[in-house]
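Chain IDs A, B, C and D follow the sequence of writing; residue 1 opens each chain.
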Amino acid sequence: MTQTQARSRTFSWSDPGLNAAAVGRRSGLELLRAMIAGELAAPPVMHLIDMTRMEADEGRVAVELVPQEFHYNPLGTVHGGVISTLLDTAAACAVHTTLPAGVGYTSLDLNVKFLRPVTVDSGVLRCEGTVLQRGRRTALAEAKLVDARSRLVAHATSTCFLLPLDSPTP
Amino acid sequence: MTQTQARSRTFSWSDPGLNAAAVGRRSGLELLRAMIAGELAAPPVMHLIDMTRMEADEGRVAVELVPQEFHYNPLGTVHGGVISTLLDTAAACAVHTTLPAGVGYTSLDLNVKFLRPVTVDSGVLRCEGTVLQRGRRTALAEAKLVDARSRLVAHATSTCFLLPLDSPTP
Amino acid sequence: MTQTQARSRTFSWSDPGLNAAAVGRRSGLELLRAMIAGELAAPPVMHLIDMTRMEADEGRVAVELVPQEFHYNPLGTVHGGVISTLLDTAAACAVHTTLPAGVGYTSLDLNVKFLRPVTVDSGVLRCEGTVLQRGRRTALAEAKLVDARSRLVAHATSTCFLLPLDSPTP
Amino acid sequence: MTQTQARSRTFSWSDPGLNAAAVGRRSGLELLRAMIAGELAAPPVMHLIDMTRMEADEGRVAVELVPQEFHYNPLGTVHGGVISTLLDTAAACAVHTTLPAGVGYTSLDLNVKFLRPVTVDSGVLRCEGTVLQRGRRTALAEAKLVDARSRLVAHATSTCFLLPLDSPTP
C-alpha cells in the first residue's frame, strides 16, 4: 500500500547437531556430497543466506546465490558480510574436501577484497573455492566470486588449521 | 516429533531504497543516529542476521548479536560469514561516522581473524569498530568482537574508499 | 678465526631520482622493460635485497632471489619481510604493466601467507605476480613464491590504487 | 662526476646459527633482551635493513628505522617490503615475548596496510608491535608504524603459530 510496507521472508533449517555427529566419521568430500545429495541436512547458515547448488570435487567447491533485497546494506547493494559468507563457505569447504575421516578444520582467517558492487541486477552469483596449498597443519584456499556475466566481483584467501578429531563415538 | 523436524524463522525489513535516498544529504553520524532512533529503517541485512543495539559516536560504532542456531555452520558453531558481517558492519559504519554530508564510501577489503569458536553459549556478542586512520581518499578501521565474558573472539581491519556523492536530487 | 667473526656484504645502487623522472612518460610495461634491459637503473631496494632476473609481460611479472644468510631472521630462516618484499614487488609491478603512460599507482595493502620456511637450501626462489582484476580506480594482483622444487612457499594479494600523474615536465 | 654514479653501502652480521641454538633454552623475553643488551648477536636481517633501537616488554616490542635512499622503490619512496619487514619484526617479536622457554613460533601471515608514502623526509620511523590475543596454538599481534611526527604510516596484523620446540641439546 505504501512504500514503507514491510517485506518478510520465512526460512527453515534442521537440527545442526545431527550433522555435527557425522563429521569425522566420513571424509570431507563424502560429507559434502551426502549434503548435496540431501542425505545430510544443509547447515542453517545456508538457509539463512539462501545459498544454493553446491558442487564439490577434490580440492574444489562451488556454491551459488541469487542476490535479493534482504541481503542489502544501507548503500543499496549486497552487504559485504553476505559476500564474505559465500567466500568463506567456498574456501573452507574446498579445504574440507581434502581431509580424510578423522581430521577436522577450523578457519583461522578470511581476507576479502570487494571488487564491484553487487545488486539484484548482478544475476546469479557463483563462488568457487580452490585449495592452493595443503600442509600437515594448515591449508590455504582462495575463493572467487563472479556475477552472471562472469566478472570477478570479490576475491578471498583463507587459512584453515587442520586438527585430529576425537575418536568418534556413535 | 522427530529430531529432524525443521526449525523456522520469519523476519521483515523495509524498502532499502528509501534510505539510500537519504545517504549523502546528511552526515554519516546523523544518518546512523537517525537509524538508531528509528527515524530511518535499518538496512535489510541487520534484520537478516538479527543484529541489535547499535551505538554510534564520531569514529566509533558498536553493534550486538545474540548467537542463534540459525547462524550455525556444519561444525556446530556460528559461521565465519556471520562473524564477518558483524565486523564489516562495525568497521564500515565507524568510517561512515567520520564523513560529512555529500561524501560516500565503499569497502575495499575485510581482513578477518577468527580467534575462538562462537556458539549460543557465548552469550551476547558485542562488536566495536574504530577508525585507525582517516585520509583524504581512504580510511582504515578495525573491529573487535567480544563474547559475554569480554574475551576477544574475532578481529578485523577494513579499508574504505571515500568518494564524493553525486549532488543529491530529492 | 672464531665462530662469531662478522660476515659482510657491499652493494651499490644509482640515484633513484633519475628513474622517478621517467615514470609517467612511458607505459608501465615500457618502463619495466627498459629497466630489465639496463637502460634504466633498477631501484635501490632490488640491490638491497639482491633480487635478480626480472621478466615483465602485460599483466604478469616474475623476479628471482637466491636466499642468502644475510636474509635470515633469529629463527635461522629467511625473514618474512624479505619474502614480503618479493611478493610486493611482483604484485605491484604486475599492476604497473597494465598502466598507460600518465597513470601511476600506489599499493594500498599486502596480504601475505607464509606456507613453508625458506633457507639457503631452498634454492633459487621465483616470484610471479599476476593481475586478477583491473578496475578504473583500483587493481588487484596476486603473487606466488615457489622454491627451486616448485613448491609454493608463500602467497600474497595486493590492492593498488591507480591515479593520474601530474603532467610530466622534462 | 655524473649523476648516475653509484652509491654503495657495506654492512656486517654474525653467524645466525649461534643464536638459533639459544632459541628454546630461554624465554622469548629473555632472548630479546639479551639481544638488545648485545649479549646475543642481532639477526642478519636487522643489519640488512638497518633497524635499530629495539625495546621489548611482555607483549610489546618496538623497533626503529631511519629511512634511507637504499630502501627506495622505483617510485622514489621507501619500498613496501621494507615497511613490511619492520611490521613483521615488531609483531612477531611481540608474540615471542609471551613465550616461555621451550616454545617456538612461526608467522602464518602478515596483513599490511600502507597509509602514507615514506621518504627520507619522514624522519625516524618507530614501529610498535602488540599482542592482541594469545591462545594455546596461535597468537594474534598488531603492529603500528609511525613517522617522526607520530602520524600512522602503516599498520599490520599477524597470526603466529605456537609450537613446542624439540628438547634443546647444548
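Simple rule for what comes next: contacts are C-beta pairs under 8 Å (C-beta built on N, C-alpha and C of every residue); 3 or more make two chains touch, one makes a residue touch a chain.
All values reported here derive from a predicted model rather than from experimental measurement.
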{"item": "Partner chains that chain A and chain C have in common", "value": "B, D"}
{"item": "Interface composition of copies chain B and chain C: same or different, split at half", "value": "same"}
{"item": "Pair with more cross-chain C-beta pairs in contact, given C-D and B-D", "value": "C-D"}
{"item": "Chain C-chain D separation of Cα centroids, rounded to whole Å", "value": "20"}
{"item": "Distance from the mean Cα position of chain C to that of chain B, given in whole angstrom", "value": "36"}
{"item": "Chain centre separation (chain B, chain D; CA means) in Å", "value": "34"}
{"item": "In chain C, residues with contacts to at least two other chains", "value": "108-109, 111, 113, 138, 159"}
{"item": "Category of the chain touch graph - line, ring, star, complete, other", "value": "complete"}
{"item": "Contacting residues of chain C [partner chain D, same complex]", "value": "3-20, 23, 31, 35, 41, 43-45, 47-49, 69-76, 79-82, 84-86, 88-89, 92, 104, 106-114, 117"}
{"item": "Chain B contact footprint on chain D (complex, rising order)", "value": "111, 113, 115-116, 132-133, 135, 138, 140, 142, 152, 155, 157, 159"}
{"item": "Chain C to chain B touching residues, read off their complex", "value": "108-109, 111, 137-138, 159, 161"}
